[in-house]
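Got a structure for you, questions after.
Just so it is clear, A, B, C, D, E and F label the chains in written order, and each chain counts residues from 1 on its own.
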């Protein structure tokens, strides 16, 4: 489904990687690994279509994602380093808006349920500004529970700032998504309790 | 008594709109302020009572947070 | 090496310094509640008396005719707006120096009333100016500094409203109130100087040469009414503020119980 | 199709309502800038009356300018913009919603307050209608043009001031026609031509700027 | 003791140099605002000459205002301010350094550019010295007063505009004496009194505002 | 040395903890633990003197830290969630300024060495803006190598975004500091390879 051809990424004077090809035809999980600064975030942003690669192309179901942006973005869920939270809005409002901006409308009840599910039941009416670091991350991650229909999830360091219980819970969610036929691409430096170790794309091997 | 009739009173020697405009706006503002102040008190009491029911630990007789020493 | 234990309340540490006794919100709360209605009735009474004298006893002004009757609210409102700012700054200073929370609350409780009086004096002045000077507004020194005073009030209110954390908003508000208070005289004199250096406005405030004594009495009664009104409203407002700030203390819990029982 | 449009509009208005002071405060800025002028140029009524329409328009322009950099900044910083750009719906659509919300919050109050301020400068009462109309047509153009500038300067360090530099030249024609409308009404020439030009400009801006803005946003996120 | 003072001064000047466009751009804003006026009020030379000192001063004030919210914002967002407040040295000291750096970057260029612009408005050449002097004394006061406002509104949503509301009334006396200095020089009264007052104000502001500002910053970080 | 008495922390309507007393008399490491949102960050900020507690007092060598702020802050190094990095400055400039603002001046050479030591040898001249997430964290952490003289380190989630090697390295640094007689107070949700498990203050036990 998702296929990268000969990707090269140039940042300033530094060529992070080149000739990186991969294809994810089946459902499953891919962990992009490598030490700090090797280019994991840069790769994920290229795969999402947020950055243009210096060379190469990303295809979704055989079609260049630049060509058929809408279809790809309808199938994609990207959660980056920044949690996309407005400090004045409550978690509920933030989540509803995040869904709406992605072209979905799961309704207030579903959103509330997702937030309660992820452990923010007590913070539904607080402005996001006062949330703790981990609670902020959780608001962003709550979208996962509402986006089961999107096959392709790309997550940059989803476990950051989460406590142990939340990490376990998130791991289970990701595995469930893969089992249901979805794809997950993620980066993380932490150990997460995966039941089946994900495939690994080690960028330190590809890096220039 | 200054006024020969009520209409003379309301007319204020031709300056009615100005005089009464002043008094009316002042009256309205005072009334509004009183309304908001009294309503705010009611709302505060209601909000805090509700809060106490929802988050019992917030106010807990017997073990409450002591006042800072001033 | 550490113990995360809870401790019981000790009542032995309660306020020992008697001077600050009334500065304790807990003590002031019931006092304010008892005094406010009295001041409110006093204000109403004084207002009725003042207006009666103003409209039915005071004579027509030989220069201005009846328009001058605006004076009975205009001048008390103008006075009040200036006094209230001073009192506000005083409480702010007390709060910053002595770290008494009640002072900050007093300052915040006074601000909206001060702004209201300030606006009233501007509004009535403008309406008064139209028939007497032929224009709603001139850039006269007194008018201008009154306008700037309104901005100072609005700035204080906007700042304290914009900050949600009450401790931060208390202190931030106190700082801007003090900075403003230092500037009020500077503003006042600079504006006056500015206006006299240029060719002045073509009209200036002319007061009736010898104010009839009944007028003066009416005006003074209205000014007293404004004082009483300010007391009443600010006491009511400060009670809400106290409840909000002290909501985690036992006595507020007891107070809320009482309120609920009554309702 | 209208999903993101309405979502963005509703969210931004909610945000404005939550930071209610904001609306008042943009207005207060407008009022204050206007009131500063007499201090600068002196208090002679005739002189003030002569420069009043210009001062009001310049003040409206500056208030718009000052609030512009907030149009996308917050969403950029917290990653919301990234997510909006990943939305499958057309970008220009929600950009338009953002600008509309922004204008309702910052532009509309100016239009409403302008006549009151004009009275402070002793402007003839008959001209107030023209003033309001010119501002009502002109200020959305300012917001739309400004949005392009805001998108272009997004995330740049000297954003606020660079933005000013970029858009001020674009604002000048609006200023000329806007202030000109009032002046020519006062001069007896009638303001119709000026107002028609402003209306036309508004339609053109609505039709074109959202696309420019969308393109600029995509570039800014690279 | 001087460690943090010099460190902050040096760093802020380095930052300004790195974002060089910034200096030019504040200046450009000043120039553009001044140049907008003829568009707003019409191009009669006599009228323009009469309002020139006022317009220049108002424009300087607005440019200062526009750049003020950046004084602490960046350091607040990235946590630098937190670290500075944990510094063992007195807060007022490095606050003064920050304001000084800010003035060098945004105020000084205005002082230098003002005479050129005054010539555009056909201001008599003898008055240029007074104009420069009044700006040189007045604009640091604006920066110092503004710093208190910037510290108080730090991290608030409507920061930029709330800041304007807070400090503009405080700016008025500076504006009056600043523009007044030029006017009274032109009027033949001599500007000494005005300039002395500005100088006194500057000393007072240097002595007091850093402390208010330091207190405000501590409060803001709570 | 560091002593907290009866601390209570109130956030909005929520009382996070109260009656929290502790004292750290000996050198050693203390890990403040607890799930997301329990109040770890709030506690650390109170201990630093950045926030005033609702009730209670923090003492350093027996003296209220509000009373003798300077002496305490001369002995303290706090690294919070935010990395205190200016995006336009290089890591080197950022580090030098961070030291100077703390009242130290280790000199350019020492700073450079610290950055190389922490693995930023290749990024010395880049503006911080372009650094990767992990590299940004490292710039802040480089201060640890220059602050051995400060006895009290308070670190909020220092391991966030670091790769495995960096986590190990940082752990070793912290233990070395404790061995040299220093104190470290930290929070983390991650497992770090401590050779001796740090003492734990579990806030979930104290929380209201």
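One rule holds in what follows: contacts are C-beta pairs under 8 Å (C-beta built on N, C-alpha and C of every residue); 3 or more make two chains touch, one makes a residue touch a chain.
This structure is a prediction, so every number in the text was calculated from the model and none was measured.
J.: Please identify each chain that touches subunit A as well as subunit D.
T.: Chains in contact with subunit A as well as subunit D: not a single one.
J.: From the C-alpha centres, identify the chain that is farthest from subunit E.
T.: The most remote chain is A.
J.: Quick one: point me to the chain whose Cα centre is farthest from that of subunit D.
T.: Checked the centroid distances; the maximum from subunit D is F.
J.: Which whole number of Å gives the spacing of the CA centres of subunit E and subunit F?
T.: 37
J.: Whole-Å distance, subunit A centre to subunit E centre, using C-alpha means?
T.: 45
J.: Could you state the distance in Å from the CA-based centre of subunit D to that of subunit E?
T.: Taking the average C-alpha coordinate of subunit D and of subunit E, the gap between them is 25 Å.
J.: Report, in whole Å, the distance between the mean C-alpha point of subunit B and the mean C-alpha point of subunit C.
T.: Averaging C-alpha atoms per chain gives centres 13 Å apart.
J.: Show the residues in subunit B shared as contacts by 2 or more other chains, in ascending order.
T.: In subunit B, 51, 58, 63, 65-67 touch at least two other chains.
J.: Would you mind listing the residues of subunit A that make contact with two or more other chains?
T.: 81, 87-88
J.: Where in subunit C do residues touch two or more other chains at once?
T.: Each of 6, 151, 154, 158, 162, 167, 194, 198, 247-248 in subunit C touches at least two other chains.
J.: Spell out the residues on subunit E that touch subunit F in their complex, using ranges where they run on.
T.: Going by the criterion above, the answer is residues 3-4, 6-8, 11, 14-15, 18-19, 74-75, 77-80, 82-89, 94, 221-222.
J.: Okay, in this complex, where on subunit C does subunit D touch?
T.: Those residues of subunit C that touch subunit D are 135-140, 144, 147, 151, 154, 158, 161-162, 194-195, 198-202.
J.: Spell out the residues on subunit F that touch subunit C in their complex, using ranges where they run on.
T.: By the definition above, subunit F touches subunit C via 6, 10, 12-13, 15, 17-26, 30, 52, 54, 199, 201-203, 205-206.
J.: Once bound in the complex, which stretches of subunit C touch subunit B?
T.: 6, 8-10, 13, 15, 20, 23-24, 55-60, 65-67, 69-70, 73-74, 77, 98-101, 112-113, 116, 119-120, 123-124, 127-128, 130-131, 229, 233, 236-237, 239-240, 243-244, 247-250, 252-254, 256, 259-260
J.: Write out the stretch or stretches of subunit E touching subunit C in their complex.
T.: Answer in residue numbers: 145, 148-149, 152-153, 156-158, 162, 165-166, 168-170, 172-173, 176-177, 180, 183-184, 189, 208, 212, 215-216, 219-220, 222.
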